[in-house]
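There are two complexes below, and they share chain A, which is joined by chain B in the first and by chain C in the second.
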Partner chain A sequence: MIPTLLVYGLVNSVILALYALGFSLTYGISGLANFAHGALYILSGFAAWNLIHHMGIPLLPAALLSVALTGMLGFVFYWVLLLRIRGIALAELVVTFSAGVAILEILTWQGFYGIRYSLPVFLRGGIEVGGVAVDYQRLLVLGTGVVLVILLWLFVHHTRIGLAFRAMAQNERTALSVGIESDWVGSLSLAMGAALAAVAALVVLPLGVMESTIGYEVLIYALAVAIVGGLESTVGMILGSFLIGFGQVAAARFIGAKWMVIVPLAAIVVVLAVRPSGILGRFKELEERV
Partner chain B sequence: MKRKACRAGVVFLALLALIVAVSPMEAGASSKEPIVLGVPTSLYTPFGRDGLKAVKLAVEEINAGGGVLVGGQRRPLEVVVADTRGGEPGTPVHDALMAYEKLITEKKPHAIVIGAFRSEVLIASMDLVAKYRIPQLGTIAQTPRFQAKIKKDPEKYKYLFRVTTDALVDASYINRTLDKLKNDFGMNRIYFIYQDTLWAKAFSGLMSKHCKAQGWTQLGFDGYAAGATDFSPALTNAKAGKAQVIGMVWDVPLGAGVFVKQYVAMKVPALLIGFIPPMASPMAVKTVGPEVEYSLSVEFPVGASLPLKKLPKTVEFLNKFKQKYGSLPEAAAVNSSAYDAVFILAEAIERAGSLDPDKLVVELEKTDYRGVSGRIRFNEQHVAVFGHEDPNETGVCVVFQWQKGADGTLRRVPVYPDFLAEGKILLPPWMK
Partner chain C sequence: MPDRKGIYRKKRLDRGIKARADTIYLIASWREIFYLLLPRAFPVGFLLILPAVLHGYWQKVLVFACVYGLLALSWDLLASCGLFSLGQALFFGAGAYLAGGLNYYLHLPPLVTVPAATVGGGLLCAGLLAPVIRLRGVYFAMVTLMFPLLLMRGIETTGVLGGTHGLSALSPFPGETLTAYLAVLAFLACLFLFRRLINSDYGLVLMAIRDDDRAVMSGGINIYWRKTQALFLAGSVGAFAGALMTHHFQFLGMSAFALDYSILPVAAVALGGQGSFAGAALGSMILVPLSESLRALGGLRIALYCIILMVSIVALPEGLFHYLERKYHQFETRAEVE
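Let's look at the complex of A and B:
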């Protein structure tokens, strides 16, 4: 039982981290909580499905194209929907949430629900890890999670745009004073967050069937992970996903399977009550001290 | 002056003639006033969407035949729809009920067909339907609590009927198939996984009870929330416990899809049996992959998605469906019931000669209809009677298994009941 708990706890944790990575990145850089994140996630899945089934494009190019399109959509989102309300947190929340709901409802209206939509796995079959059968797709999920985190670290520490991202995250006004254009960086952060949501979708969605309602679920999980770990902290986000991921598998094992879905919600409640900034977050740290 | 009076007289007479001429036309138009069928259900689910398509197909056929005879005049049927979203995980019962009531109060349907998707919504909506006195022929929600509630107050809930099976019937078909697995192949170790909702709990509970009584070893009985996305704990337990069979009952596509793919991925050497929409659907091979082979599913009732050679009405209905909508229904459940429900209602209206709900209820109680799903008659609790023996006596279901044909393609082969069987249950090579 323990090996299964470890293997699938790890897989679940990385899935959660993938859900939250793009959301956390955008928020960490531009302070923008993109509540359309879940919608962009499932939209990219259906985009890939359409590219494969209606345009006959092979899986890998379809996946790459879907990531690029979703990233561009995130970029356009910023300039069309968010530019004029930038900095007004409540308005940003309302606009991104509304855009997300609109995307999901249009997908539903267009018939993207039921049991017919399923993305193919990149590689069929699997192996045993410590006596636990795991399919290659889940291993790909693990690999993608690790590679993305490493690439992101390299990106924000060793590229000009990445450094601009960090400058914005640390202090927007100071960043402006040294010539970093905040709208440009903001839109890039949203594009990158959206592209990361698409990458997550393309490796995670083949594990099941696709429905537009998955968008809501992904948003809730991304929020849970970000709130637990700390909204602006990437390390906190990873920590949050491991807490919730392993917590779910442990809950199923020791309390009962139906309690799995309660874990992220319970984690949010506990963290907000005990440490509102999240485990590694610092936004409200001063208030908490006071 | 006279000329003016004459002109006024002519105008008056012309107006009078117009009124007289128009009156019969108006009477004619009112005689063509449609009979409104309300469909408040979860439209963006395969069950709701395809059920509505089946209803529209039936309505089209009836209207093409001139409509329904009410009080000596033929009136067309008209369908009005409300999406309750009751089948989507996370939709509160209260929200679904609001949509239900909105349809009733705004569209004023003479009767309701299909009705609630989720059993929890059905139970809550019963009071609503009783309050507005609208005959309802439900065809999706499967909880046995429906009849228990009617039994408590038959007068209040007399407007409610169920045209399809309930979880008790579905489970009885799986139970008989489990008996076959035990008797023919000596299987006796089972693990249950179910969606933690009323009907699925009742369904799997009956399977569990039956297995215990028949000497099976039950290795687990795990309920998962409808939104679950990881089944590794239960699948690991099933594998570790050397389960030969996994009994699974789930209707929300998302969780069911994750489950079947995870079952395949974890290489659990156990036969799947129960009701798992992605495994049972005509498009299962495309959605899940070739691993659907050997899985066993119940289709309730017959004609929902699988054309049966021995029941020509199922072939006829599904051909019409495919011709009109381009493909077979997606879910292996309840579509034929939705189709039958419209004809049952139309016949009851004609017998009653009225749309008065109380008169309609009396006639609905007398229903004896031979439809796609078999012979439909209602018991005292207004539930359609289903059996295992003869479609000329009761409604029937079918259990099928995905098997490879001679040409290598996978197809759904009916294996139970015997009078519908087109093949025998096959064991996968890794179980022999």
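Let's look at the complex of A and C:
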């Protein structure tokens, strides 16, 4: 019982962290709350499905292509829609949110739901870890989560673009004065956030059936994790995802599976009311949230 | 020097009717009285005639338009004190469930349940959102987006108040036309009350909270208490809309917390223009009949609202009403470039 809780809690937490990674990257760098995150997540899943089933592309190239396409969509999205309203928080929020809902509703209207739509797993089979049966796909999720976090850390600390990202996050005006263009960084951060959503989709979606309503759930989870952990802190984000992830698995085991959904919502409301900057969020506390 | 002959530019001049301020007018003739009255009296008269002229389906659409209009007005009131809500469905659902519950379990007539739900819904919403009233901007929007979803899940999980099946066979209003008149009158009353309110001293404080809350605090005003009052007002209006719809449909279900009720009011305000209430009213009067005539598209409707919302924010950020108002108050002539 306890090992099951630990293993599945761990997997669930990493899934949540994957959901939130792209969202908090975009927000942390350019202050842009991308409410279309969940829609981009599910859209990349359907893109991969279409590539595999209608164009006959094998799984791995299709996955890479769909990540690239979603990233490009994020990039275009910035230049077409967000450029004119950059800096008006409400307008950004409404535009990204409505773009997300539009994507999700169009997907539903196209009939993208049902058992037919599921992505194939990368690896079949499974092993036992400490007496608990785990399939390889779930281990792949764990591995992807760890690898992505390490890669991202290396990226933002050791590449020129990554350093520009951090500069923009710390102080936009100073970054401008040393020649970092904020629109390029903003659009690149949105593209990377979208691509990360796509990566998450491609490793997580094979665990279940694809449905466009999952998009709303992903958005809620990404928001929940980011808010609980602190929007700008990566460690806080990982901590938040573990808190909610284990909380969910525990709630499912001890109270009932239906209550899983309520955990993140309750966590958000409690954290925002009690400690609005999140568990590890430090700066921006006074100016923005309260 | 390039040859500029034959090039014209638009020359815009304000009409000479305004004296000293935007809201004080200098009236010298009947023509000017009509000039000022027409844009106010015409929509009111039009809306008052409509319930008597329309029948059946389009009368229902009118009720819908007024209900969404009320939600949009309540959104605009919250926005004018700096609270951006993405969860008007919370207000709507609270009113709907209060009215429906009172009617279903206690068999109270609509004459009692609607006022009770209006006041009770306002209190409930203000109470629920009071703990998060300190949040600003995006954060408040996030929490309000969560709340209706949370309550919907709560009702689904616990099965209270009808659960997933809802409550049916609630008592209706006496007569369709009466309902339509009730909706129209409530909508107009709310519109003009809010316009009056926002120009009073009380409204001035609310707008000051939006513009610079620190300055208001340093003026010795408790901004959280003011914001809670604004939440109560907005919540009451939304709850009234919910109660009206519940008795109109004679049915109450989880759909009272649906995303439609959150998105459409915001779309209406974004289309019509924020800050004047008339923009919110105009937006909902355009958007709802439009969406009804597009009902054949089915699920695509919400996608279409969202696209309208995006396009209108990106293309005409000031909103339709402010654009029309500017055009109405200005001469436009063509003048040759010298």
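The rule is short, and it goes like this: the second predicted complex is superposed on the first by the 283 of 290 C-alpha atoms of A that agree within 3 Å, B and C clash if a C-alpha of one lies under 4 Å from a C-alpha of the other, contacts with A are read in each partner's own complex, and residues count from 1 in each chain.
The rule is simple: a residue touches a chain if its C-beta (ideal position, glycine included) is under 8 Å from a C-beta of that chain, and two chains touch if they have at least 3 such contacts.
Fair warning: this is a prediction, and the values are worked out from it, not measured in the lab.
Visitor: Put chain B and chain C onto chain A via the superposition and say whether they clash or fit.
Guide: clash
Visitor: Just to be sure I read the superposition right, which of the two partners does A:Trp79 touch: chain B = first, chain C = second, or both, or neither?
Guide: So A:Trp79 meets neither chain B nor chain C here.
Visitor: Touch check for A:Trp184: first (chain B), second (chain C), both, or neither?
Guide: It touches nothing on chain B or chain C.
Visitor: In the superposed arrangement, does A:Ala33 touch chain B (first), chain C (second), both or neither?
Guide: second
Visitor: Between chain B (first) and chain C (second), which does A:Lys258 come into contact with in this model arrangement: first, second, both, or neither?
Guide: Touch status of A:Lys258: both partners.
Visitor: Looking at A:Ala99, would you say it contacts chain B, chain C, both, or neither? Reply first, second, both or neither.
Guide: second
Visitor: When the two structures are overlaid on chain A, which partner does A:Phe122 contact: first (chain B), second (chain C), both, or neither?
Guide: neither
Visitor: After lining up the shared chain so the two structures overlap, which partner does A:Arg138 touch, if you call chain B first and chain C second: first, second, both or neither?
Guide: In the superposition, A:Arg138 touches chain B alone.
Visitor: Where does A:Phe155 make contact in the superposed view: on chain B (first), on chain C (second), on both, or on neither?
Guide: A:Phe155 contacts neither chain B nor chain C.
Visitor: With the touch criterion stated at the top, can you tell me which chain A residues are shared between the chain B interface and the chain C interface?
Guide: Touching chain B and chain C on chain A: residues 108, 258, 261.
Visitor: Touching residues of chain C toward chain A in the complex: what are they?
Guide: Residues 84, 86, 131-132, 134-139, 141-143, 146-147, 149-150, 153-154, 156-157, 259, 263, 266-267, 270, 297-300, 302-303, 305-307, 309-310, 313-314, 317 of chain C touch chain A in their complex.
Visitor: Would you pull the chain A residues touching chain B in the complex into a rising list?
Guide: These residues of chain A touch chain B: 1, 4-5, 7-8, 11-12, 108, 111, 113-118, 124, 126, 132-135, 137-138, 206-209, 211, 213-214, 216-217, 248-249, 252-253, 256-258, 260-261.
Visitor: Residue numbers of chain A touching chain C in their complex, please.
Guide: Interface residues on chain A, with respect to chain C: 33, 81, 84-85, 89-91, 93-95, 97-99, 101-102, 105-106, 108-109, 220, 223, 227, 258-259, 261-262, 265-266, 268-269, 272-273, 276, 288-290.
Visitor: In their complex, what parts of chain B are in touch with chain A?
Guide: The touching residues are 44-46, 49, 88-90, 193, 196, 222-225, 227-234, 236-237, 239-240, 253-254, 256-258, 261-262, 264-267, 277-278, 281, 283, 286-289, 330-331.
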